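Look for chain A in each of the two complexes below; its partner is chain B in the first and chain C in the second.
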Partner chain A sequence: MASQRKLPFWADAILLPGLNLLAAFLVSGLVIWGLGEDPFEALSLMIDGAFGFEEGVGYSLYYATNFVFTGLAVSVAYHAGLFNIGGEGQAMLGGLGLTLAVFLIGDASPVFAVLLAIVGAATFGAAWAFVPAYLQAKRGSHVVITTIMFNFIASALLAYLLVGPLQRPGGQMPESADFPDGASLMHLQDLFEVIGFSYESGPLNLSALIALLCAFAVWFMLWRSRFGYELRVVGQNHDAARFAGISVTRMTVIAMMISGALAGMMGLNELLGEQHRLLGNFTLGYGFVGIAVAFMGRNHPVGIVLAAMLFGALYQGGAELAFEMPNIQRDYIVLIQGLVILFAGAMEHLFRDPVEALFRRVGQRRAA
Partner chain B sequence: MSQTIAIETRDLCKSFGDVKANDHISLSVPAGTVHGIVGENGAGKSTLLKMLFGFYHPDSGEVLVSGVSQSFTSPSDAMAVGIGMVHQHFMLVEPFTVLENIILGAEGSSKLDDAKGMARAKLLALEEQFGFNLPLDEPVETLSVGVRQRAEILKALYRGAETLILDEPTAVLTPQECVQLFELVSQLRDQGKTVLFVTHKLHEIMAITDNVTVIRAGKTVAERKTAETSSEELAELMVGAKVVRATARDANEATTARLALENVKATGDHGLMLKDINLQVLEGEVLGIAGVAGNGQTELLEIITGLRPVDVGKICFDGETISSPQEMTDPITLRRMGMAHVAEDRLKTGVVESMSARENAILGYQREQEFSRKGLLRLKAIAEKAAGYFESQDVRPRNPDLPIASFSGGNQQKLVIARELAQDPSLMVIGQPTRGVDIGAVTKIHDQITALRNAGKAILVVSADLDELLAISDRIAVMCEGEIVGTLNIEDATETKLGLMMAGNKGEAA
Partner chain C sequence: MKKLFGRFGAIVGLAFAGFAAVGAADFKPVLLYDIGGKFDKSFNEAAYVGAHRFEEETGNGFKDFEPNSETQYEQALKRFARRKADLIVAVGVGYSVAVRNVAADFPNVKFTVIDAIIDLPNVQSITFKENEGSFLVGMIAAMKTESRTIGFLGGMDIPLIRRFERGYRQGAEYVRGDLTFIENYVGTTPSAWNDPIKAAEMARSQYARGADIIFSAAGPSGLGSIQAAKDTGNLAIGVDSNQNHVAPGVVLTSMLKRVDLAVYKAMKAAQDGHWSAGHNVMGLAEGGVDFALDEHNAALITAEMKAKLDDARAKIVAGEIVVGDVEGSNVGH
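Right, the complex of A and B next:
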């Protein structure tokens, strides 16, 4: 009886993340103040940069799309009791799979190439997660360790391929040749134009819709399918899972592969949607930010979409801020993002005890 | 002997949600006596103790120690005024020695050698005074349960306890170890210590206490001098009314073996745990498995229910081999064959704590057509089924959306049993059917087991509670060190005989 739910749902889902965010902004404000700038002006610049104009909104949602993919990846593994830190590497491999698919048949049939690229991204991401998953399930090697190591391997592999076999012919940069024309995902602003509606949404592309589709699919899988039920049982209690006839080994491997596939699909947005070529460092830490997004979103797809939008806005607003306030360099923006991750992710329980105590006291007073 | 009052409680109340765990508990314990607190499982004994020892804060009422009102906010407050507690589950660090465990948290010096030296002198004096004989330098993990318990008692004394609370101290002991414990307790009393002896076993109360307080449903129903009462009176007070078994046991006509283990050996997590087990459960009988915890009962349950492979021998269910060194049938197939399993450790294995009662209601049966089709959960059917379980077993509170962890042990178990009964099994394998279950539910669960038996089902029950086994079994097999020491028909089984067999004494088996 001691472990009855202590907080109403809204407090857990909105109040606590809100407080964490507020704390992060407070400390960020102090930093900005220390740099000799006005924190309130900085905040308004950030908000304006993220939401104030059409392209700003487009960029915010464009970044958010990345975070939806990587956040979902973290959460699927998390529900199976696994901490997948390898989103970054899985995304890189996803990008590689996508690129190979595009070059394989892009010239012959661009539309079919896009479909194959989606499959390729998911497959390669899943395959990259399979090895750590198998080692965890069969040998007990901890996925936290192995997935981190696999990030380095992925990074090295991509670096090798992009200065070797996959490098743009005659190029000097670690990047591939451009994708064949047509082998890309449509920008939403072009789509808007087709339906007679004008909105300059920048790089925002069809991947955003795919990401939302994935979020729905993850929700449906976790809470409506038998597989998701079994996955959550494994995540909560291995003994109970065995009691219920669920193979923990098998579930560990499958959950990690789904997680890897979701992370791998991040490349759809970055590469197929915008860059139209494979870049050595296209993941830019989005895989890691997915961890914060998943935790802030309480590992629920709806929460993840919302948290992803917050982080997308932070990225876009931060970029604008660095542009407008010369005192605040790009590094300080990273610091602010880091503070949000710190408060929302690593220290998410900072305010839980005081808030719970407050609710208890109010509850008692009401009862008395 | 002075007649000061060591501990007194006045109208202590503590509620959890709607449940009044303690409802105006008043008792007073004279210094230098052994005071029994007796009540059924779930009567509120643990809650009372936790308030006496500072784990819980009372909703109202007060605790007085030597006449002074106290407001404990943590166990250290209670220890500071001379209250020591020996928990049912020991609080010892297994790889540490007895000495290290005793000084843990009260080292008195940052240099370990100094701390040990100081403690050793003090401990030897204490050992002398109370007649302990503990191997101070042995790691705890090498010691028997009885010795560990003495280490816990010495630990409390070392911290200056004048009043010792022993919570169900005999639950983990063999009858022989109990005798030694009783000697120690009377020694403590003779030296002027006060002992609160908490149990639900009446013969222990009669054997060792001076006074006894009976608790039922959170209330103090009586306080007696032990010399002026009898077990019969206490039993009545405890239960409220004479308990009559609702379901009579029919004459035993069992013939066919539904479950048979032949020469089975199996390895546990730490080496060979089952050595050559032969066992049969007949249809229409309850076979009880008795034994001190950790003698292979857990592994026995696991090999039968498809959770652990056997190394040698085979297990047959209705004539089909379900486990052999070559092949093990998985739990889902076993359930479909008609074997139900009520897990021994409910929270560890039988339910998923954080999931709702509704989701737990299909655990193990999630792949049945009834609950999922084409990979999709049938939420409506599951909800209806869960609601049915709540109704048929009177599970409270009637809210299947709550996480299973927020139900009391008894209500959890009722739900688990409903789940396992729902598929009309022909063999029921039950571990600890009533562990942590309140008295009302205990009777109901026992009646259900008996009803199943009378319907011709085969039932295997592993229980640490001898009274329970004596109440529901047709035969009782006793396990010790991974072997079946012997099997007694219920007519021949007594607590003494079983106790000796539990200690490994095969001679008594005949």
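Right, the complex of A and C next:
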């Protein structure tokens, strides 16, 4: 924490992520150049694919919505001093809760089913996070280990249900039957049409707004409520928290459950917004990328929304690239995204230390 | 670690096309592969070979895309349909629901789907009688085995793959009645197609239990089974594409499923204007399935075996031998 003080806010929030991104693109550029393609053309294809046309923007924001949910999930736990790597599993269970809610009352009342689905997604996600949280708080089993193992359990559970009781009748793939008509979140282009202007159809749906609401709620909770203050105290120092009369056990469990609920709501975007059925591995690693999003966004909701948009654009632009340049196969796109995550997350100190030294020197010179 | 990384980038790479105006001169079909990926030396590669042949013969290029997960099926189909692709060919049973959803939304776009049956006026469904081809390779296995134990290794445990097993077993039993069968399936989710490590483990265990020939109907996972055969000095039977060249002398034969032919024909027909929706079945009689015989396995298949196979083939085509099927292999949606 103290090391962050050495840098002015703008350098920490903008300069460093910018440098990390630049380094990642530089290395990716070298890879693309090595493959015999023009790196600048590739970059322009990516940017154009992500922002160049209405549909592309829609897809970028659609992916970004997933990252906002999982990024917020990681950051809430992080502020309580917990590293929740279980976003993936919590999102799967959230999707399951959502699906059960929709099938339970979807035929009777689609609107009510959507509301119950939102509650179901959050509840199942929270419940899946509760077990590791409880084990951490009461038994000292490290939450990193338990949450990552819970991802595998969730994945196996979902696969079992989707080739068993929940499988689409007559189907061969691990997927559920279609949600009943009307039990879905409105697409934003339909909403735009209601208020009078047209937008190319795409997957972007109401859950993008729900994600923004969640971001605001997380900000309010963490920095404007007594509860959030307590949560952050627990994250900074257990002893101080205990001394101040805060129950570390209770805060650990609650923080993890909020985290799980946020991750669980990712299904709103993927399932209720777009797919309209439960798929075996709809989470696609969003839970893991949420970690990188949270760190790149400096664990602040505004930063997370921005970082999520960056990753959303990267996914969408990468997709465009995979298509337009046949030499660049899907695995290289994974490589480029991996490099961004590597530089933004794991190798953050590569630039932090030199930049800090630079600022110190400049500061000293100015003082002298 | 591999799993984590796979998930990490799973969404990556949805495909989009910037299609220009459509004209007969620049007919541009789209080919969407299944999870295994383009160069899997099996099912998807067969599709690529077909499209490639179309490109070479007509000079018209094609666009293709490899999804990383089943969530991408629908997204990819929609992207291409929105951009008015001339023909979208989707290979793999996984595409069934996705093609149904997207084709209903885009009635003016033509879709060809392989291994699934979609009853819509703009969808052409092509399925194969895999059991007939499997019957022939089952005969080869039965004639070749010395341990009187033969194995079957399926990819994803679904009725479609059970159909391979059914034909294989029936073909083997047609030759001799004293055989022991061992069968395994790599998994129950689409990732089972792409897990050669696990497939190799299972194949090794089958060889250890006495099998000397294993037929794997597992897409790219089957390469693990061929590797295991090579390592243990046994024989393997490839699937979909001609895999004899993967390990000459080790691959006894391959059960050909002519996805290449289906893809080529669909593209060619669409270009020439006589593409039609509906359901086509490709069996032995239509040249849709067969066993592979080339310079890599010529030494393994004797003239006597060949004669018996030709005889059985004629009987199947004539309807004298009816190869059993598995219910639900190609379900309509």
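Operating definition for what follows: the second predicted complex is superposed on the first by the 363 of 368 C-alpha atoms of A that agree within 3 Å, B and C clash if a C-alpha of one lies under 4 Å from a C-alpha of the other, contacts with A are read in each partner's own complex, and residues count from 1 in each chain.
The rule is simple: a residue touches a chain if its C-beta (ideal position, glycine included) is under 8 Å from a C-beta of that chain, and two chains touch if they have at least 3 such contacts.
Keep in mind the model is a prediction, meaning the values are calculated, not measured.
Visitor: By residue count, is chain A touched more by chain B or by chain C?
Guide: The larger set of chain A residues in touch belongs to C.
Visitor: Who does A:S198 touch here: chain B (first), chain C (second), both, or neither?
Guide: Neither partner.
Visitor: So which bits of chain A does chain B touch that chain C touches too?
Guide: Residues common to the chain A contacts of chain C and of chain B do not exist here, since the sets are disjoint.
Visitor: Touching residues of chain C toward chain A in the complex: what are they?
Guide: 4-18, 37-38, 63, 65-66, 68-71, 74-75, 82, 93-94, 96-97, 156-160, 188-191, 328, 331-333
Visitor: Which of the residues in chain A end up touching chain C in this complex?
Guide: 49, 55-56, 59, 63, 88, 159, 163, 168, 170-175, 178, 201, 203, 270, 275, 277, 279-286, 288-289, 315-316, 318-324, 329-331, 333-334, 337-338, 341
Visitor: Which residues, counting only chain A, touch chain B once they are in their complex?
Guide: Listed in rising order, the residues are 1-5, 224-227, 229-230, 232-233, 236-237, 239-240, 242-245.
Visitor: Using the touch definition from the top, list the residues of chain B that touch chain A in their complex.
Guide: Per the stated touch rule, the residues are 16-17, 19, 305-307, 330-333, 335, 341, 343, 345, 348-355, 359, 362-364, 366-367, 371-372, 375-377, 379, 402-403, 405-408.
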